[in-house]
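Listed next: structures, encoded as structure tokens.
In what follows, subunit A forms one complex with subunit B and a second complex with subunit C.
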Partner chain A sequence: MTAGEVKRDERELVERARNGDREAFGDLVWRYQDTVYTLATRLVGPDLAADVAQEALIRAWRAMPRFRGDAAFATWLHRITVNTAWTLRRRSTRHQTQQLDEAIVDTGLAPERAGELAELRIGIRRAIGELSAGQRAVVVLRDVHGWSNAEVAHELGITQTTAKVRLHRARRRLRVLLEGPR
Partner chain B sequence: MSRLSCQIVSLWPQGIWPMGFQHRHREHCLRCQADEARARSMERALVSLRDVTVAAPSYLHAATMARLGTQDAADPRRRLMARVAARYAAAAGVTAATTVALLTGLARRRSRVVG
Partner chain C sequence: MDLPVESGGIADLIVATGDEPGRWSGYAPPYLASVALFTVAPRLLADPVVVPFTRSLIHAEQSFKWYRALEVGDEVSVTGRVGTVRARGPVHLVAFDLEARGGGGPWLEARSVFLLSDEAAVAAEEKAEPEALERGDNDKAAPLELPAAGEPVEAMARSASRADLVRYAGATRDWNPIHWDHDSARRAGLPGIVVHGLLMVAWLIQAGARYHDGPAPLVQMRARFRRPLHPGDQAVVGGKVQSVGGDHAALDLSVASDGEALLSSSVWVTR
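Now for the complex of A and B:
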């Protein structure tokens, strides 16, 4: 199946899911459950991630008729995941010191850089796990997932200035955790 | 370049006014340029995490499908928006109460002086 066909197929699935077709939504869940779960793991840690991913997918199903296709379906789903993680994390105090180590599926690693990058990534995942929930959310969305400051601020319900300050502090803290105090 | 100015520059978040002094300082400071290179390397490593996917637990699909329920077109952001609105309302309330308290205090003080 070509990229164009996959996109067309997805559009059809989304349209059917918008009209209440559970089977079509089930196919979308198969496609996106890993990315939703990955984002949830990075935001709240592995203990709460499955609950967040499940709740996000259920909220997405309920909200499907609202989906107008202005953004890509994946982007819309990620926004719901962030929102869900942000609301559910308050119910749990477990997220504070969770490490983010998980069984990972690497999709883009060149073999010659695998060892070096893998080591660095392990260090970074550990360091991200040490950040406060607010700092972690900003650094994951901005630096890992490439969201803009405006999008981060909007989804977390904070001002852009707050997002920038949190990002700055998070990056400084990450560097201290990775390189040691200077 | 003094270490103090380097520290001031490093403490200032990017994209927050005033920004010009950071650029001017970094253009001439080798220490800050080296620091920036290390920061960029970390940012590249963070971006590389985008390619890493954590496999969802095997039960997630079935568990999600079992709990779907009915579609009601509910806004998935409503809880967050309600919380933000409540926060703004609380901040406005505190500001109003403080202003009223200050004005009352000033009025009392003035009436005491006049009396």
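Now for the complex of A and C:
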């Protein structure tokens, strides 16, 4: 399937799901559940990630008739995941940022290279876990998921200037955490 | 709960799923996982409270992760728990987790996830009940060379008769009547009797196991149930190699009938 066909196929699925077609929604869940889970893990850590991902899918199904298609479906679903993450984290007393390093995926690379990358990943996740919740949200959405400053600001209910300042501070803090003090 | 790995039970399971009796000599096929599931899960999966939900299933999937092969004579200890029950208005999410140990360590992890709705689904049109022994073709699950990434896997025909479904129910203890009683299936909103979802998962496992000779051919799999298959109807397992790594290959496999996908899956095969 070409990229154009994938887009058309997704538009059709979204339209059918908006009209209550369960199989179409199931197709979208099958397609996006891993990215939703990964985003949730980055935002709240592995202990709460499954809860966030599941809750986000329920919310997405219920909100589907109101999805207008202003943004791509993936972006819309990610926003629901972010909102869900904040809501559940506020409710949860289980959240432990230091657990972010537990979800390491198999890279399929040579063992020594995979080992280096895994170590780096653990380091980055630990460092992200050290950030404040506000800084972590901005850096994950902006640097990991490639959202624009405007999208991050809109999603988190802050001004673009605040988003930029938080991102700047978060990156500076990450640099210190990863390289150690100079 | 304990699950003894016995040669008689294994033989019944192999015949009921249309597999090759010689393929697993002395070992349990990986789809013994479905027996483990029904050792602890019948109260959840065949519960009269849960079964009506299947009429308005939004999404259902099953994942398995294997850690070792089991030999005939091993004792397996199975622990299951309802991991999540989440309700938001008419929408429910139920997740069931299972861990099993046997052969000197962990054998299996499994997770079943159902996204369900209280809202009634449209009742399906009735389908005539087939003869008890009526079924389509079943290909031999013969060993094959793994194709390169991006290449298709060899298609494998599969079909089950009503008699096969009764045999499978006996082998797995999945006695949900929608798999053997037409009226019960109709009352559940189905066109008629449907093939067990986990029997079709066994077909996916058999298709993947063609690419590794040993007793532990699969690392893990995840399957999504899309549509039911009726006994007597012809199905085909097909798909392609998604990627090939050092330790395993990832296959995208599906069970399809009349050109429509009934199950989609990702299957990781040992290399």
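The rule is short, and it goes like this: the second predicted complex is superposed on the first by the 161 of 182 C-alpha atoms of A that agree within 3 Å, B and C clash if a C-alpha of one lies under 4 Å from a C-alpha of the other, contacts with A are read in each partner's own complex, and residues count from 1 in each chain.
By definition in this document, a contact is a pair of C-beta atoms (placed from the backbone, for glycine too) under 8 Å apart; a residue touches a chain by one contact, two chains touch by 3 or more.
Since this is a predicted model, take the numbers as computed values, not measurements.
Trainee: Based on the superposed arrangement around subunit A, label subunit B with subunit C as either clash or fit.
Mentor: Overlaying the two structures gives a clash between subunit B and subunit C.
Trainee: Looking at A:Ala153 after the superposition, I want to know if it touches subunit B, subunit C, both of them or none. Which is it: first, second, both, neither?
Mentor: A:Ala153 sits against neither subunit B nor subunit C.
Trainee: Touch check for A:Arg66: first (subunit B), second (subunit C), both, or neither?
Mentor: first
Trainee: Applying the touch criterion given at the start, work out whether A:Trp30 contacts subunit B, subunit C, both or neither, answering first, second, both or neither.
Mentor: Both: A:Trp30 reaches subunit B and subunit C.
Trainee: Given the touch rule stated above, what does A:Asp143 touch, subunit B (first), subunit C (second), both, or neither?
Mentor: First partner only, subunit B.
Trainee: Could you tell me if A:Leu13 is touching subunit B, subunit C, both of them or neither one (first, second, both, neither)?
Mentor: neither
Trainee: Which partner reaches more residues of subunit A, subunit B or subunit C?
Mentor: B
Trainee: Report for A:Trp86: first if it touches subunit B alone, second if subunit C alone, otherwise both or neither.
Mentor: Only subunit B is touched by A:Trp86; subunit C is not.
Trainee: Go through the superposed model and pick first if A:Gln54 touches only subunit B, second if only subunit C, both, or neither.
Mentor: both
Trainee: Once the structures are lined up on chain A, find the stretch of subunit C hitting subunit B; candidates are 1-9, 109-117 or 181-189.
Mentor: The one stretch of subunit C in steric conflict with subunit B is 109-117.
Trainee: Which subunit A residues are contacted by subunit C in one complex and by subunit B in the other?
Mentor: The answer is residues 22, 25-26, 29-30, 50, 54, 57-59, 61-62, 106, 108 of subunit A.
Trainee: Which bits of subunit C are touching subunit A when the two form their complex?
Mentor: For this pair, the touching residues of subunit C are 56-61, 84, 86, 88-89, 91, 93, 95, 113, 115, 117, 121, 224, 226-227, 243, 245-246, 264.
Trainee: Which stretch or stretches of subunit A touch subunit C in the complex?
Mentor: 22-23, 25-26, 29-30, 50-51, 54-55, 57-59, 61-62, 106, 108, 110
Trainee: List the residues on subunit B that touch subunit A in their complex, please.
Mentor: Residues 10, 12-16, 38-39, 42-43, 45-57, 60-61, 63-65, 67-77, 79-81, 83-84, 87.
Trainee: Spell out the part of subunit A that touches subunit B in their complex, as residue ranges.
Mentor: Those in contact with subunit B are residues 20, 22, 25-26, 29-30, 33-38, 41-42, 49-50, 53-54, 56-66, 79-80, 83-84, 86-87, 102-109, 117, 120-121, 124-125, 139, 143-146, 149, 155-157, 161, 164-165, 167-169, 171-172, 174-175, 178-179.
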